[in-house]
Amino acid sequence: MIDFSCDYNCGCAPEILAALTCANGAQHATYGFDSYSAAAKEKIRAAIGNPGADVYFLVGGTQTNATVLSSILAPWEGVLSAASGHIAVHEAGAVEATGHKVLTLEADAYGKLSPGTIASWLESFFADGTHPHMVRPGAVYLSHPTEYGGLYTAAELRVIRALCDEYGLRLFLDGARLAYVLAARGTDVDLPLLGELCDVFYIGGTKCGALCGEAVVFRRPQPCFFPAHKQRGALLAKGYLLGLQFDALFTDDLYLRLGAQAIDCAMALREGLRARGVSFFPESNSNQQFPVLTAEQLAKLKGRIGFEVWRSFPDGSALVRLCTSWRTTKAEVEAVFAALDS
Amino acid sequence: MIDFSCDYNCGCAPEILAALTCANGAQHATYGFDSYSAAAKEKIRAAIGNPGADVYFLVGGTQTNATVLSSILAPWEGVLSAASGHIAVHEAGAVEATGHKVLTLEADAYGKLSPGTIASWLESFFADGTHPHMVRPGAVYLSHPTEYGGLYTAAELRVIRALCDEYGLRLFLDGARLAYVLAARGTDVDLPLLGELCDVFYIGGTKCGALCGEAVVFRRPQPCFFPAHKQRGALLAKGYLLGLQFDALFTDDLYLRLGAQAIDCAMALREGLRARGVSFFPESNSNQQFPVLTAEQLAKLKGRIGFEVWRSFPDGSALVRLCTSWRTTKAEVEAVFAALDS
Amino acid sequence: MIDFSCDYNCGCAPEILAALTCANGAQHATYGFDSYSAAAKEKIRAAIGNPGADVYFLVGGTQTNATVLSSILAPWEGVLSAASGHIAVHEAGAVEATGHKVLTLEADAYGKLSPGTIASWLESFFADGTHPHMVRPGAVYLSHPTEYGGLYTAAELRVIRALCDEYGLRLFLDGARLAYVLAARGTDVDLPLLGELCDVFYIGGTKCGALCGEAVVFRRPQPCFFPAHKQRGALLAKGYLLGLQFDALFTDDLYLRLGAQAIDCAMALREGLRARGVSFFPESNSNQQFPVLTAEQLAKLKGRIGFEVWRSFPDGSALVRLCTSWRTTKAEVEAVFAALDS
Amino acid sequence: MIDFSCDYNCGCAPEILAALTCANGAQHATYGFDSYSAAAKEKIRAAIGNPGADVYFLVGGTQTNATVLSSILAPWEGVLSAASGHIAVHEAGAVEATGHKVLTLEADAYGKLSPGTIASWLESFFADGTHPHMVRPGAVYLSHPTEYGGLYTAAELRVIRALCDEYGLRLFLDGARLAYVLAARGTDVDLPLLGELCDVFYIGGTKCGALCGEAVVFRRPQPCFFPAHKQRGALLAKGYLLGLQFDALFTDDLYLRLGAQAIDCAMALREGLRARGVSFFPESNSNQQFPVLTAEQLAKLKGRIGFEVWRSFPDGSALVRLCTSWRTTKAEVEAVFAALDS
């Protein structure tokens, strides 16, 4: 079965496996002080265009979200998130376990927090005379792309940054699938922009070609993040394992190329499905596609193509998610069409 | 330079690298529901001789200690540990960050908590009329081997287990270096015994031949550990990465063989140093050796052999730590001697 | 100015002040082991009809909510609450600060969580295959009366109890204004029923005639609550201060009489306002009344009668809250009418 | 029986009871915004001589310690304390429950942390290359007087302050028994000095003449402490209850007079015991006296005088604690002598 059900169910790009193999025989400095990590940090700083950025490598997304947020929030502060945001729904309360409330706002159909929604929430909050008895907003959490494949525009991010400045909030962007965003058609968001606008964001590895790992980028030096991530169990003893992977990902544009492969396949998938009359909800320019398939179509895919059902409808149709990834091939996309046309 | 400074500065056993390479092309069920993890759990249960044991794979030691302890302690409970224990000293307050106090007891010269020390502490605690105002002991934390290479005997562990039963405590054993314990000369502690006596313990991978990973073994089914470790950011999305490694480690006794290699080298190192008149403090049967070297000896090793200085003395001598590991060779041990004899 | 703005802005019932004065010269056992506390606990157990109930006295509401919830939830569990519930909105994240998520459900117009809402939420939660990655519900939090003066019926509470049993949840009822509920017209909820249905609830003192204090009642012995509330800073050194107050409140039905006074005044207020054509949103049988007053009416009250504005409308009218309390007099109610009729 | 067993087992000074009685009939602004609190804060600022100090009123000591510390420490920071300090021993892990480790140092015989001990601990800590893996010290906690009646000198406090400045630590002083310190013979520590040297300290009410309450004084404005203490359940709804008490305590030097009464009695007690050949361990200038009584003396006191036994010796003698308080009379002290002489 060809599996489009998620983008974190396979290993890593061949370049990374080769580097791992090559490094396996040697001894490396521990806790992120190895030469691979140093090189990877340098390459990431260069890609962002900010030589003063501080970079740390963590293992996974939930760990990263909770560790970063707990390090940038005061105890009485919470984080604004889309109600459908990963930290609000699918992290088993990891942020709350560090003592912070996730303050949820309604997202749009694409899972995005609109600047207007944030602005009016903040305005209402501070207009409410009882707000000192409420959880003070300390940060905005965005995922880019969102859980529904939504992409922020540069203009939207600039307005959100301005709101953060106005109200004294930090801006944190979850880039678990960032490779696919950077390669998306028509996006005007790139790494330098994120490095400029976000107090902290991360470049996802786990879902974007690495075995595992997320590169956390702080706009300014953040030396206290060392004990902070050690304390949360997020400091890998063999830090070279993560540094090596990001070193490979940021060599010869591998990260961008892996993202482009997934997006090319996702766009081909979208075109082919559209040509077969399929509608999408929502439309997505990311590697995640959300077609609504008829009962008949679902039956044809069954057992041949793996996907996730997100919502079932009374007539037997369903909203499903098909994920491409850096390792998806055009042939696999064609296999979807073949199944539907059979 | 031949580096004996620690046992987590290199990659993994060739068998594991081969398995990783082999699995890289395929898609695997996520979050530990893959076939490798299932096989590894089965093999571990068999090695322990407890078909009802519940096994989870986590990434690293600090993460494992904090995640396990916070899942088995009530909010008002703390954990008893040697004052020199890893959770008490070198985890940046990870246990406290989950809300629990580490209650420290003086260890012996080998870093061990003697049953007598535990017994008299517990007796004193409950004899103190103010104890309801104090942190109630909820678990005993042992590391085996200890930070100083100390090994518990089966008899000691049985007494500690009995104390836990008497006072309603859970017994948790940190086996980050367990491979080296299982292979130690003269030990009567094996996996079935740990599975019988500990409420929960872990089988270290990071320091014992894996790239990373610790196998947490609960004596009884512990379904709530799934959300518990997800919440602490300790659930790896690509769980197969860990399952695969433990599957390899528990195939054809690889784990025991890797341990034996380290111990053989450590014993050879000890013999050779002894033959050169070196004393040890403390004596260790584990892969960590703690010789006291003279200023002259230190000078000879400098630049040729890597090691950690644990304490410097006024006369220029020092207590140092030399770690062997699964990948140490007899030739490397000979190189130490050659340096000393030069 | 006659102040109806809240029910916790004055001292205590004369009987309590007399008792405090009387006890002031003597020495009392500390930490709740005094004779007043013992007597108060006995009287509360008798009022509930459960000799096995365990009673603790805490100082205030937010402290009680966070302390109780953190003592009955597993780390990975959250608490279901109305989105408008006090713990969800106005406690500055006290529950989250103990590591637990408040899972919010939409309440009805009275601020009540309907059994149907809870049931369908639970059904959906467990039907969602990804729920092990979500915060597991561990308890239901109800406030009775709600923030909007809503009262649960015995039948509703029984259904919610049955849901808790079905899904393994604990039921916790916040009775900060319980005196006013017990005296409400037409209610069929009394102390024995709460003692039967709730795993734990509290009998509010602060808002119901005491200087301060909340009596927490566990259905079953809960010895661990002693260290639990000590740890949260919620154990009063001079416990007799709280015991004495509840001893007085549960002597000669003082608690019920104080509640009845507030309700009598609230009902008189409601009738008088109704007679003047005022509508309420929502209708309330509690001591909190929520009339919608016209701009003209608001102007007439201004400077004479204190109240809280909850929502202002474009035409100058407003939804306001008028609170009666145990010390409100009929003359004060008449003063509202006089102001409106002036 | 005349009870010298502790200093928090009775009510409040008559002046406070009178003020409470007087205020009982009126309505007061809530949450500390009442006129009593405003007046009390003004008087405390004047007593300290720092018009910019920020003052908050909390209910009890454990609550205050945990709330203050959690508001001034970063997540990865701990607090230095004497191993015998209240936060380290008798607060059921309240500080750890907020996520912070209590880093314990050996105190001297008086329970004091010597500046030298602090200095050498800090020097060793930062000299240890592994310190980024350890809990970083963020504050120093002193209790004045200590658990053993020890008093810091102005010179000692100045050195500790200098150490805090040198290492970037905050200085927090627990003044639960501060009235007794201010009145101690020969002390050169007064309120202005504490206000100058401590980032934050508190003026104890519970043990020093109030029903309950501690006045927390920050050297500089600390607006975030409002949500911080609300979040920890430490904001009293009827804040006037605390403000009123401190208003009374800081009117006409009541606080100092209450302290002096206790100290006069303690000194008389000490002299009388000394005259009877009793030795003390340690010597104390505070309201707590620690005589070592013979078996015969203990027998004579039994049933007549209440006290706490801190340590029993094989020969039947014991180290006991006798506490005087603001309400102790010379006649009560004489009663001790009469019992011993009987």
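To keep things simple, chains are lettered A, B, C and D as they appear, and every chain counts its residues starting from 1.
FYI, a residue touches a chain if its C-beta (ideal position, glycine included) is under 8 Å from a C-beta of that chain, and two chains touch if they have at least 3 such contacts.
Computed from a predicted structure; not experimentally measured.
Shared contact partners of chain A and chain B are C, D.
Set side by side, the interfaces A-C and C-D show unequal numbers of C-beta pairs in contact, with more at C-D.
Chain centres were defined as the mean of their Cα atoms; on that basis the chain farthest from chain A turns out to be D. Distance between chain centres (mean CA atoms), chain A to chain D: 50 Å.
Averaged C-alpha coordinates put the centre of chain A at 42 Å from the centre of chain C. If you average the Cα atoms of chain C and of chain D, the two centres end up 34 Å apart. Looking at chain A, one finds that residues 75-76, 91-93, 97-99, 132-133, 135-136, 227, 230-231 touch two or more other chains.
The touching residues of chain B, when paired with chain C in their complex, are 31, 70-71, 74-76, 98-99, 132-133, 135-136, 224, 226-228, 230-231.
Across the complex, chain C is touched by residues 75-76, 78, 89-93, 96-102, 130, 132-136 of chain A. Across the complex, chain A is touched by residues 3, 6, 8-12, 14, 17, 20-21, 23-30, 59-67, 91-94, 97-98, 206-207, 211-212, 227, 230-238, 241 of chain B.
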